[in-house]
Structure formats: structure tokens, C-alpha cells
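Take a look at the structure below.
Chain IDs A, B and C follow the sequence of writing; residue 1 opens each chain.
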Amino acid sequence: MATKLLELKGVSMAFGGLKCVDDLDLHVDEGEIVSAIGPNGAGKTTLFNLVTGVYEPTAGEILFEGESIKGLSPHRITQRGIARTFQTLRLFLNMSVRENVMAAAYGHTKAGVLRSILRTPGMRREEREIRELAEKRLAFFGDRLMGYRWDQPAYSLSYANRRRLEIARATATNPRLLLLDEPAAGMNPKETQEITELISQLRDEGGYTILVIEHDMHVVEGISDRVIALDHGVKIAEGTFEEVATNPRVVEAYLGTGAMERK
Amino acid sequence: MDYDKLFQTIVNAATLGSTYALIALGYTIVYGILKLLNFAHGDVFMVGAYVGLGVLTVFGGAIDPSISIWLVLCLMVLAAMAACAVLGVVIERFAYRPLRDAPRIAPLISALGVSFFLSYSVQLLFGANHRTYDTFNMAGGKLYEPALTIGSFSISWLRVIGIVSAVLLMLALWFLVDRTRTGKAMRATSIDRDAAAMMGIDIDRVIMFAFVLSGALAGAAGVLFALRTDLFPTMGFTPGLFAFTAAVIGGIGSIPGAMLGGFLLGTVEALTVTYVTDWIGIPVGLSNLVIFSLLIVFMLVRPQGILGRPDIKKV
Amino acid sequence: MTEGPRIGKDEWVARSGENIERHRLLNAADRVPGWARLVLFCLFVAAIPLVTDDGYVNVIVFDTLIFCLLAIGLNVVVGWGGLLDLGYIAFFGIGAYTYAILSSDKFDIHLTSPLVMVICVVFGALIGLLVGLPSWRLSGDYLAIVTLFVYQIFISIVTNGNDLFGVDLTGGVNGIANIDPFDLFGRGIPVSHEGIFNSNYIYLALGVFVVVFAALYLVNHSRIGRAWRALREDELAAELMGMPTDWLKLLAFAFGAAVASLTGGLFASLKVGVFPESFSLTLLITVYAMLILGGVGSQTGAVLGAVAVYVFLEALRDPDVSGWVFYIAIVLALLLVIRPRWMVAGVLAATVVFGFVVHALAGAIDDTWTTTASPEADSVTRFLDAWVVIPTSPGDSRTIAYVGLVALVLLATTVKGVWRWLALVPTLYLAAFVWENVMSEQPDVTRFVLLGAMLVGVMVTRPSGLLGERRVEIV
């Protein structure tokens, strides 16, 4: 019996009169990889913002591991076990690669001001562990972010490497649920292939449950246990990739009315 | 009910309020477009007062001017407006424009530097001693005679001129911002600078126009203010701070907000000085404490001000 | 070995950081580890009272240390926390007045100094926490406004504190005098021996400085410092990566307040009296200038900035030295601005010639327009009198020349190439005129004029400060 790790019940998000998300029900089971698809403006990133606490829903419930996370501040939600990447990268550009990842370990470490000043053995041990954690997470990506790279500033990384770094950083928060916002955006076919494999690896080796927003259907097809399609803030289809891709409402949302008929 | 005191308070409120409103407009116009808190604005106001003094001296002083004192007063205001408009443009061009894409703190620090430079320069050139327009001796004291008398209450010419001039200037501003093309361009730029640029609006000129307006208003306010008090190099600090507060209360970036905030703050100050100190029993000097504490509470409750719009950030 | 750029391999890009040219001096300074820098600084400062008996110099050293402390404290708030605190000096004042109240004849409380210092730190931190709380709801600009209000409240209380509901707490405009000198474990450190400043205070201040500097350094090199850096880079991303940004900002704010408060206590113990005027806006902007010029975010930068600015300000006060400082500063500025560097000599030569010509003309037109130095005056004075036009009664020409100078300087920055060199000649000469006729008469005022100008100049040309690192910003 799969446990529902994340659950949204009747969630709505309205900005003034505009409803970005309308009465949304969705769930992600533990160990699943779920993809959220939909045309631009469908409410996908808003969904991520709601789950991570950037926005507070105007209606509905959001449950993580059975407990409500509605109204919690984002860092608390992250500490509970949800981490994300961003559609437009948001790295700490002037910090080194390693530091970017180390910074994300803050939420599950505890050396305070006094212990930091006095450099207690506990604090020093924790620093070592943070460092090792960061290097381990970066090692996940093979050689690309290893060795001399650790000390390079993040702004010196190529685009694809930046995306990888952002994922590594998110995993350093020791999450149970990973939210990846368009991880393959702007990548060439080879890199896209790598990302597809990587996401599966993240679940298989890392044990993370993953919710992905993606536009590239090859990626979606390659990774998803389940697909959810959104349009104008409403869920219009849910099921396997095959089911959703051929769903008339989904086709209409992407290609307009009459697309099905022309076929 | 002490109607005399009440009437005095109302007149005070209007006088103070009109000055604050003029200066506040300058802060708000610049903030609306550049999102910059122009800390140097209070010192531009001070320069305006000193320019007025210079003009007055050129024409022989308050007691026996070489031309009609009323003409001199007009020239003082106009000269101050012109000089401060130019000053505003120069400051923008050299201290703010290079920092348009720098981190937000950079132009703020630059503004502090300009403020420093202006007030100490004036002190260098004119000394720290208080100067005056010698208003009491103008036109044989005419300015202090009642212009309007309602029953047993009267308002002096000085105050009438002050309030009327300020209101006229505000009307002129409203016209410029609401009815002219440049005004419209200004409003567009303050909503979305990049979009405005893409619509063919010359951002540099619009910003220059904003500084011309804000400088001119500050200059006029400087002369009007100095008619009632002394001039000294740091005279811009307190009115500047109050006016700035007024702009924030009204909603920084909003022109009607600045006017509303100006008169509101003028009223609060007039009331506090006349009444509140008696009620609570604190010395007048501490009234600042009351005012600023209230302001902090207000900021926490409604930081965007009365007429301001809250910032919505897109992630 | 560094490879060249190749397709598909972005190592060269990654190594580009090492290729960025930085000033040779800075690179050398960087290789000295933090600890060594601190020790060197201490040795240097500690040596000064051993080398000179001049009380004036020793007071300057003490004051410089006070400013160093203020600067590194402000650095925590502005540099590490990214908050604009315009009320920072209020905390300095709070610490000073706390010490004054607890260690003087005012209420006849004479607590021992180390205890008072601890109270200053704790009290300062608490007030800092209170004042910093609005940062949870308000964005940068609005927070700056609120801190300014807090400063106003502080000034209001302190200036009118001689009658707070009948209690004389702060002595009002007259402040609190007769403050006890610092006492260490029961032994008082007298402020002066026979009117000469007791240099033990320098060691005291140095000790406090070392402790504070080290403590801040250690906090910055921990997960908290990392979180502060992340917060500055991208606040939202930091929050979403599990860092409690609200609390972190508050912590930075409170730290700065605590340091300022501690410094205030130290300040009060030496100065023997505290007055509202000591905590002016001028002081605030001066500390900001020190931090900005040195480089926001860098403790070393803050200290160097504090030393440089304070020495500059004090040097400009001394009539013998101020002229030298002014002219040398101009030459240095020219060296920074004019390329190629050797052209500076050309510009200077042209200015000298230009000057003599103008001087001759002026003297020919009207005798009172120039002065001739007496033959007993030293060579520098005689040169200046022969070169610069110094009218016997400058009058309005002062204002006109001053405004003209500002206009010319601004013009010189706008034009380029040959035109700039040409424009610089009359500008430099006019600068000399303004200095001799206007500025040198009131050195106390002039130094702040120059500081303000420098602040703007540095911000516009190098927003990261003279010693700060260039940052990549996402706008």
C-alpha cells in the first residue's frame, strides 16, 4: 500500500481575481516519479511555490507525510523534507560550487553562534561532515563537478553544469521529496538524455520521491510513473504517459481545438 | 473650547503641511521612477533657500530693495526653482545614473555622499551661522499683517502666500504629470521601466524630467520655508526627514499620496505641539519621540502607505 | 598547466577566475592568512605608543581603533546581513550612555567596568533584536526608513532626557560628565598622566578590537557565515534551501548593534563625558564611508577603510599638513584616472605654466587680486603665492569659483581623451584656487566636503569599494 507522501486537497491560489490554481487535487506516493505537464501559464510553477511555502493557498489543504504544511515558512517546509530547483536558475553565483551545496545543509545542522566562535570539537566535526556531504552529493554527477571544480565560483560553470549543481544543492537538504522545475530546459539532446537517466538514478539510488515539471515529452516519457496534466490552474488529466498524451483535453490544451479532428 | 488655539493649529497644519507636501512630492516622484530614496533631496531644499538669500542680497536686502519687494520674492522663488532643478539634474546625471544597474545599496550611499557634500559645501561658503531673509522688515512688516480676518481670527499675508503658492505649484505639477505626454511617460516608466523603454520612451529624458520637477518643487519650498525660519546649512535635515516620512505614509511612489501624507503629517505635528504635549505632559522636544514611534507602528502595519500598492513579487 | 579554450570542455572557463587580473598589492595581501594580518596589525598599533610620547598621536590611535570597531560592526549588518541600518550610531550611543549611567557620579552607581561592558553588549543586542524585528515584514528600503526613525527617537530621548516625566536620565543637551575611567579587576586605568593621554587605553582598545574581530571572523567562517553569504546572493533561494532568512538577518542586525554598543562603552570610559552631539548623522555617514571605501563584506577592508578615512580626516584638520594631503590626494586621483600614466606629468606641467600665466595676468589687471608672500615665509608658501591667485578680499569670487570648480570637475569626467587632459588644466588650477582661498580656511568643514565627494566618486567608479571583490550580480 503506497503511502501518500504529498497530498493536495482542493487547493486554490487566487491573486486578486485571477485564479492561478483552481480546486486542485493531487498526490505523490512515496518512491514515485510524477511529471506535471501543461502549457505555459498552466499553474505548474505556482504549484511548486505552493508546496514549498512561497505562497499560501487561498483555499484547500496541503499535506506532507500526513501533516499539514499550509502556512509554514519555506525554510521549515524544506527542513521537513521538501526541496526544489528553479525554472530560472537561482544559484549562489559568487560562492564556490562546494559552498553552494554546503550552504544547503544548514537546515539539518545545528552549530550555533557560541559553538562557532569557540570552535568546539562538535562544531568542527559537523563542519567536516557538511563538507563531506557536499562532496558526496556532487560526486553523484560523475566527474563534472569534482576536484578543482569544487573551489570554482558558481558563475564560472556552464549552463548544464549549473543545472546539475542546483540539483546537487537541493539534495544536500536531505529531502524526501524533490521538486524539479524544468530540469531539462535549454539542454541539447545529449544532455537531455543524461538528465533523464539522472532523474531515474536519483530515485533508484538516492531514494528520493520526485515531482517534475517538464515540457520535453521525451524526458516525461522516459521517467514518469504517472503524469498529471494541468491547464489554466485545473487538472485536466492524470494517468500513465500514454493515457495522458492521447487524452483529447490535453491535446486540445496544447494544440488548440480541432487538433484532434485534423488527426 | 479654545477656538483661537484650534484656529492657530489649523493654520499651522496647513502651512507645515504645504511645505512637507512640496518636498514629499520630490521624494515620491524620484522613488516612483528609480526606486531610489533620494537622501540628498533635503539638502537640495536647503540650497534653494540659500539661492533665495543670494537673490535677495543682490537686490539689496529685505529692508530697502532696489525693486519692488514682491517682485524680488517672485524672483527668489523662480531662481530657487531653476537652480534646484539644475542641481537635481546634475546630481542624477553624475551620482545616480552610473549606478542604475548597481546593487540597490549603491545609489543610496551615493545619495548620502551628495547630501554630505551639499550641506558642508554650503557651510564652507556661507558659514554655519544662522542667516535670515529678515522677513519681518520686508515691505515694512506687511507680511505679518492679517490678510484674511474671519471674526476674531486672522491669517497673516505670509501664511497665505505660503499656502497659496504651494497649492498652485501642486496644481501645476498635477497638470504636468496627468495631462502632458511627458507626464504620461513618467507614469509609464515608474510602472515598468523596461517596458516603457521598449515602447520608445526615452528613459534618460523622463528621469531628467522627474528630477527637474522634484528639484523645482524643493527649491520653491526652500524659499517659502525660509521666509518663516532661519537659514543654516543643515536646515534641510529635519524638514527633509519629515517630508520623506510624509511621502512614505501617503504611499511612496504615489503623487496624491505625497500630498495627502504631507498635509497629514503637518496636521499631526501641529496637533502634537499644541495639544498632545499638554495631555500627556511631556516636553515639546519629546513630541518627536511620539511622532516617530507612531510612524514605526504605522510602517509595520501598512508599509506601502495609505495610497500605495503592495509589491507583488514573481518567483 | 592551463589549457586553452576547447569545444566541449569548459575547464578553461572554470579556471578563468584565476586569470582575472587583480591589483598586485591585493594579491600579495590575500596570500597572508587572516590570522597573520591581525597579528601584524596589532604589532603595528601596539608599537606606536612605544615610539612616540605625543599624546595627540595616541588619542588619534585610540579613536582610530574605535572607528575600526564601529566599521567591523557595521560590516556585519550591511556587508554580511545585507541590511541598510541608518540608525547604527544609535547603538553606539546607547552603549556609551549605558556605561555613563552605570559608571559615574550621575546616579552614584559605580559598577566595575568589565561588568558594564557585558551589560552594554547584552543590552545593545536586545535593543538590536527589537529594532531588527521589522526586517521580518519590511523590505530593504522600508527597513532603512524605520532604522532612521529609531535613530531620531534615540536622539530625542537623549537630548530631552533631562526631564523624562520628572527623571533626569540622560542629562539632556549637557550630557553626562565625570564618567569613571575604565577599571580592570579593581585597578582603575587613569585617563591621563598629568594631562597626557594614558597610552594604556590604546592597549585596552586593541584588546577589545582583537576579541571582537576574531569572534566575528569565526562566526563568518561557520555555517552561519555561509548562510549569510547565501542570503546575500539570493534570499529566496536561501530560504528554500532550508536557511531561516528572517532569523539570520535579525542575528546580523543584533550582532552589529552589540558591537556598536560595546564600542560605545569603551568610548565613554575614555572620553569622560557623553553628549548628544557626539552621535550625529555626520558620524554615521563617516562610518559608512569607511566601510564602503574599504569594501563592504570584508573585515580587513573595513579596518583599512577606517584607518585610511580617519587618518585622512585628521590630517586635513592640521593646517600644516592639510595642504600637502590635498595636493597629494589630487595627484593620486589623477594617477588613477588618466591613462597613459605618464600623461599625468604633462597635465601637471601644463597646469603649473597655466597658473603662472593667469597669476601674472591677474596681478597686472588689479593689484589687490594677488598677494605676495613675505620673504621670510617658507619656499612652499612663496611658491603658492606666486602661482595661485589669492585675492586680498575674495568676496563673491569664492562662491563663483567653487561652483565653477564643481562644474569643471564634472565636465572633465564627461569628456574623454585629449579633451579631458585639456579640461583638467584649468580644473586643477581652479582647485588650487578654491583650496587656498576657500577650503583651507575651514579645515574642519572642508574635510567632510572632500569625504562626501570621495564617497560619491568611489561609489560611481567602484561600487564594491576600493578593496572589495568585484561581484557578479543578477539584476
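One rule holds in what follows: contacts are C-beta pairs under 8 Å (C-beta built on N, C-alpha and C of every residue); 3 or more make two chains touch, one makes a residue touch a chain.
A quick note: this is a predicted structure, and the numbers were derived from the prediction, not measured.
S.K.: Farthest chain from chain A, comparing Cα centres?
M.R.: Centroid comparison gives B as the farthest chain from chain A.
S.K.: Which one of the chains is closest to the middle, using the mean of its C-alpha atoms?
M.R.: The most central chain here turns out to be C.
S.K.: I'd like the Å distance between the centres of chain B and chain C, where a centre is the mean of that chain's Cα atoms.
M.R.: Using C-alpha averages as centres, the distance is 30 Å.
S.K.: Cα centroid separation between chain A and chain B, in whole Å?
M.R.: From the centre of chain A to the centre of chain B is 50 Å.
S.K.: Roughly how many whole angstrom separate the Cα centroids of chain A and chain C?
M.R.: The answer is 45 Å.
S.K.: Which parts of chain C, given as residue numbers and ranges, touch two or more other chains?
M.R.: 236
S.K.: Specify, in ascending order, the residues of chain A that touch 2 or more different other chains.
M.R.: Expected reply: 54.
S.K.: Hunt down the residues of chain B that sit against at least two other chains at once, touch-wise.
M.R.: Counting only residues that touch two or more other chains, chain B contributes 315.
S.K.: Contact residues on chain C for chain A in the complex?
M.R.: Per the stated touch rule, the residues are 10, 13-17, 215, 218-219, 222-224, 226-227, 229-230, 233-234, 236-246, 251, 471-472, 474.
S.K.: Can you check the complex and tell me which residues of chain C touch chain B?
M.R.: Residue list for chain C touching chain B: 78, 84, 134, 137-142, 144-146, 148-150, 152-153, 156-157, 159-160, 163-165, 236, 281-282, 285, 288-289, 292, 296, 398-399, 402, 410, 413, 438-439, 442, 445-446, 448-449, 451-456, 459-461, 463, 473, 475.
S.K.: Any idea which chain A residues touch chain C in the complex?
M.R.: 52, 54, 73-75, 78-79, 83-84, 86, 90-95, 99-100, 102-109, 111-113, 116-117, 119, 123, 126-127, 130, 148-149, 152-153, 155-158, 161, 169-170, 172-173
S.K.: Can you list the chain B residues touching chain C in their complex?
M.R.: Contact set of chain B toward chain C: 35, 37, 90, 94-95, 98-99, 101-110, 112-118, 120-121, 123-125, 128, 237, 241, 244-245, 248, 281-283, 285-286, 288-289, 292-293, 295-296, 299-300, 303, 311, 315.
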